[in-house]
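Next up: the structures, one after another.
There are two complexes below, and they share chain A, which is joined by chain B in the first and by chain C in the second.
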Partner chain A sequence: MLARSAENLFWVARYIERADFSARMIDAALRLATLPKAYGGDGNEWVSPLAAVGNLDLFRKVHDKQDQNTVFNFLAFDRENPSSIRNCIANARRAARAVRTALTLEMWESINAAWLELSRIESERDPKNPMSREEVDRFLDFVKAISRDFDGAAYRTMLRDDAYWFNRIGLYAERADNTARILDVKYHLLLPQSEEIGGTLDYFQWTAILRSVSALTAYHWVYRESVKPWLVMDLLVQRSEMPRSLVSCYENIARYLDLIGQHYGQQGPSQRLARSVHATLVNSSREEIFQRGLHEFVTDFISSNNRLSGMLAEQYFPS
Partner chain B sequence: MTFFDEMTGADGVLRAPYRIIHDWLETSPPELLEARRAQAEHMFRRIGITFAVYGEKEAAERLIPFDLIPRILSQSEWTRLEAGLKQRVTALNMFIADVYGAQSVIRAGVVPADIILRNACYRPEMAGFRAPHDIWVHIAGIDIVRVDDKDFYVLEDNARTPSGVSYMLENREVMMRLMPDLFMRNRVAPVENYTNDLLSCLKSVAPVSAPGDRTAVLLTPGQYNSAYYEHSFLADRLGVELVEGGDLFVRDDIVYMRTTRGPQRVDVIYRRIDDEFLDPLVFRPDSALGVPGLMNAYLNGNVTLANAVGTGIADDKAIYTYMPEIIRFFTGEEPILKNVPTWRCRDADSLKYVFEHLSELVVKEVNGSGGYGMLVGPHATAQQIAEFALKIKADPANYIAQPTLQLSTCPTFCDAGTGPRHVDLRPFVLSGANGMRVAPGGLTRVAMKEGSLVVNSSQGGGTKDTWVIEDLHHDPL
Partner chain C sequence: MRIAVRHETRYVYTTPPKSLIQILRMTPRSHEGQHILSWRIDCDADCHLKKSEDPFGNITHTLTVNRPLETLTLTVEGDVETYDTAGVVRNSVERFDPLVFLRETPLSAPSPLIRELAAANERADTIDQMHQLMVAIRGRMTFDTSSTDVHTSAGEAWELGSGVCQDYAHIFIAAARCSDVPARFVSGHFFRSDGVVDQTAGHAWAEAYIDKLGWVGFDPANGVCLLENHIRIACGLDYLYAAPVRGARMAGSGESMSVNVSVGQTSMQMQT
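And then the complex of A and B:
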């Protein structure tokens, strides 16, 4: 297939996944922001989502106050913020238009309908007038539905060939990055000793993390225990049954890359890297991770994941 | 003023092909039509059939208005029209081959040399080149109008990169989904095999040296081009890659595309970018849309470009005026389709006449297209006419003038109900090594504004589904 098509298929899925992640981060922050200070509501709820989507510096350059409405507008609608939800959807549509022929009609329609609805919301919105909580909720639900609709369309309608595989790799590479970023921002809450320091006070922070990856219910099913920070870490890093865990993402990436390798009759550096990242995730014990430092572990992961994208581009998307 | 109406003629008597539609219009409440119209718009928007208009920033992607009421031709009308189209395109192909070959048409004094050789679309690089299988205009769009039920007139020939065929195909799809009942009562010739015919046409003209399994691609300027939707639509239906210049490269005069499995040879390029942008080494050096080295690969016979380079001379409106002679010269036949009588401003007598009658005439630039750069005398203000006169005076050879044709009208659904609106017709003619094919019907364009004669989509024109139906059809159910 055309190299540029493969690249766009990869990016369409990444942008949609990123929009979904931003919506979930906003959701979690909104919930924290309703808590009294004694329960962990420290007035800094809006720093984490900014840090997790990697835009804290940009935000601080442009804005001096971090109130809910300013951060929300920045994350949701700001055209100057490259990963605002609005820009993610616009970019997804641009990439989708460029590979219109490689998408199924259902996939295209889901992105195009999302773009049309977003344009409508944008045109009716008055940036000076904060959206009501109800409108915000409706907006976030709309964004989360886009990824379900798009993924569902891809899953149900795409041929299982290289187009599908590149698209799925984009989704999992972005999802792995997102999960790692939450861990990176919140790692201090997940260290073993924080049980004594934080106690129940951090409960709401931990559940906020779980909520941002829609894993609170999953946590209880997997562990049947009260929320413990090291188990939150375990769930998000090493549990393969958890679809947003790093290990699950890499299982998928390695599998789809193998399929591509088999299909083309040639393995390359990205296959090898994906397998080695997966092996590291599987083979590190929880103790080793904490000993080495969760922060370092996560930072290493993020940079390997970035390296994989670069390698994919070199191996499959030459220009 | 009364015009010839496709449904009711000039005298208000219902024409046979429209019996069922007329009955349907009479019995359908306006609310139903309105609801269907809204549904159609919704469908077009969802599928993403949009059209970008140059110079309109906020309306970067706009829908072309679609009218529900079909334009209908009887099979016998179509048979005559089709024969005329094939004759005309045959002559166009022979003419262009001759212009870049023996130039007998010039030596015989049929067309003056300077009109051809000084034409902005004449490509000296092509002189002496023989197009693969001697086909130059693989895809032609011939704009047809009528003023009565007797004759079809050619308004202009589009031999470069005619667009609009996706609307012909999508209009039919939408109509069949919205109004299946109408298709039960009329036997309408299908158009959906157009893309199949186009693919076999493209593959048939691959270079003789091409490997057995021929690869065709569609070359687009990219998604900001006004016709991008059409490019992606066609690539999809053809099952070929939609490539941009950057996806292709040339090595040892062979064209390759960059794929995830490495370079893959390309044999036929259905290009939807103009000559000037094809190859920065030969044409505009600032073009980022093209492929460096493409012309060398082409001139060495290693890739086929459809349409061929240099076919733009046939779009020229000064050359148009010679088409009847060109058809006679190359085919030895009388032209089946008429030319609109045209004054060439390059001739002093004609120029004098044009200046005296500006308020009655339509004046066009010889290289203009899309309804830009033209004067519609009867609809222009005195000041507009005065300004345009200055432009003509400065460069008379750049203009031709035609009488304001009383273009036929067709019932069209508009805000105030159903009313007559002026229409034209663009049929698409395919020429391959495997023969010629014309999709029955074509694209009907309609001026949505009452009284307006400008049907171009860039000027607010809309489209209609176009039906060719059997002469004898069943009585309405």
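And then the complex of A and C:
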């Protein structure tokens, strides 16, 4: 396979996953914004989705107030924002076109249909006039459906060869990054210093976030008790049965990289790094993570995950 | 190095036991220097196989069979990718403080002669000392599969001057602990560089805790530190804590057991 094709396959999945995550973070912010002020939130719920998708700085350069409409437009439609949902879908479609023959018809159609629908919504929308809550919900559901459609098409129709593996690695690398950011933003931004971990506000925030990443029911199935922050950590970091957990993402990344290594009869730094990250996640105990500090743990993880993308680029997508 | 392991244990009974229970410590974990690509345990009879973890963090499977059977074959198969880490085991599951591994056990209790061995090899630098100890043990012991059995203690084996890898490891552990160096027993597999694939047993070696480095593997039977040839499966205070199989059966007699291990290299791969 051409290095360029591998790279495009990787990025198609990554962009789609990113669009899905942005939609879910907007959803989380909408839920957080409806929490009564009496619980002690300090009203920065509209900063949190920006921080979670990693473009708070860019936003602050352009806008000076963070209200629902500005943030929503910035995250959903802004062409200046490289990871707005609109740009993610556009980039995914561009990458998909470049590897059109490596994708199945269903995969291509899911992306193309998503792009056409998005363009229609964009052209009919009046930026001055905020979307109603129902319109926003409908839009977010539409974005979440794109990733389901695309993923399902890939899972059901693609040949299990290197094209599929690169595609999946893109998805899981992005997903791991997203989960790590949720954890970080939750304690570094959302929860005011004066609030205790495990307190009322912490509880409501976690419930809202878990629900928006479709993990609340999973949480109750696994733990059978009320939402406790340390158990949420466990769920999102170390539970291999939770598809969004860091461990689960790295299990998949390591596996697909193994398959690629076997297929090409050659392996290198990215395989080694993925395995080492996976082993660290599996083997460290919850106490160790808390002792080191959650923020340090998450920051380390995010930087390893970025390093993995860099190594993949060096090893498989040299230009 | 990519190593393929197949470990077959076959039991034959002249009078079938009514039921049987075994704890298997046959499943390795991934850590730095070792990555498990695939691993599975297969049993040829209808049985319950329940996975859990022992206090040391080793993966255990409890095998129970509740009906009479004349033969039982357990097959463990897997592929493991290993790298050289200069003997150091990093990123492994550690459930206890290293000081726990100063604890004596009947199998690893030091005899007066082992105390002498430890005293004779004292060095200022712990890592030097452990190397010296490994060389000294290997220098005196002869490898002999008939002179000792699973109940032989470190002291007895050292006095006999012969034994198998497990005795070498016990002597090493006992001597290291005499010098206040935490040490533990490790069971696993060893890929032989001389091309011999079929073996009649698994392998065993020891790990010593060195300040600043962490756990370092010493294989006194081969006179080397942990290499890419080693697959690390379980660890504990002595053999009994890390044995591949421990079990009990109800009634039945005439048990004979045969073990077949093959540790070979799978298709060559280029490392970049």
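Note that the second predicted complex is superposed on the first by the 303 of 319 C-alpha atoms of A that agree within 3 Å, B and C clash if a C-alpha of one lies under 4 Å from a C-alpha of the other, contacts with A are read in each partner's own complex, and residues count from 1 in each chain.
Keep in mind that, in the parts below, contacts are C-beta pairs under 8 Å (C-beta built on N, C-alpha and C of every residue); 3 or more make two chains touch, one makes a residue touch a chain.
Just so you know, these numbers come straight off a predicted model, no measurement behind them.
**Student:** Should chain B and chain C be called a clash or a fit once both complexes are overlaid on chain A?
**Tutor:** Chain B/chain C on chain A - fit side by side.
**Student:** Considering only the touch criterion stated at the top, classify A:4 as touching first (chain B), second (chain C), both, or neither.
**Tutor:** first
**Student:** Between chain B (first) and chain C (second), which does A:254 come into contact with in this model arrangement: first, second, both, or neither?
**Tutor:** The answer is second: A:254 touches chain C but not chain B.
**Student:** Who contacts more of chain A, chain B or chain C?
**Tutor:** B
**Student:** Looking at the overlay, what does A:278 touch: chain B (first), chain C (second), both, or neither?
**Tutor:** After superposing on A, A:278 lies in contact with chain C but is clear of chain B.
**Student:** Let me test your reading of the model: by the given contact rule, A:268 touches which partner, first (chain B), second (chain C), both or neither?
**Tutor:** second
**Student:** Given the touch rule stated above, what does A:54 touch, chain B (first), chain C (second), both, or neither?
**Tutor:** neither
**Student:** After lining up the shared chain so the two structures overlap, which partner does A:130 touch, if you call chain B first and chain C second: first, second, both or neither?
**Tutor:** Touch partners of A:130: none, neither chain B nor chain C.
**Student:** Treating the CA centre of chain A as the corner point, state the angle out to chain B and chain C, nearest 10°.
**Tutor:** 110
**Student:** In the superposed arrangement, which partner chain does A:243 touch: chain B (first), chain C (second), both, or neither?
**Tutor:** neither
**Student:** Nearest approach of chain B to chain C by C-alpha atoms in the superposition, in Å, rounded to an integer.
**Tutor:** 12
**Student:** In the complex, go through chain A and note every residue touching chain C.
**Tutor:** Touching chain C: residues 254, 258, 261-262, 265-269, 272, 275-276, 278-280, 282-283, 285, 315 of chain A.
**Student:** Report the residues of chain C in contact with chain A in the complex, numbered from low to high.
**Tutor:** 29-32, 35, 37, 81, 83, 91-93, 95, 267, 269-272
**Student:** Could you list, by residue number, the parts of chain B that touch chain A in their complex?
**Tutor:** Chain B residues touching chain A: 45-48, 222-223, 228, 232-233, 235-236, 241-244, 246-247, 257-261.
**Student:** Given the complex with chain B, which residues does chain A contribute to the contact?
**Tutor:** Listed in rising order, the residues of chain A that touch chain B are 1-6, 94, 97-98, 100-101, 105, 108-109, 112-113, 116, 162, 166, 260, 264, 316-319.
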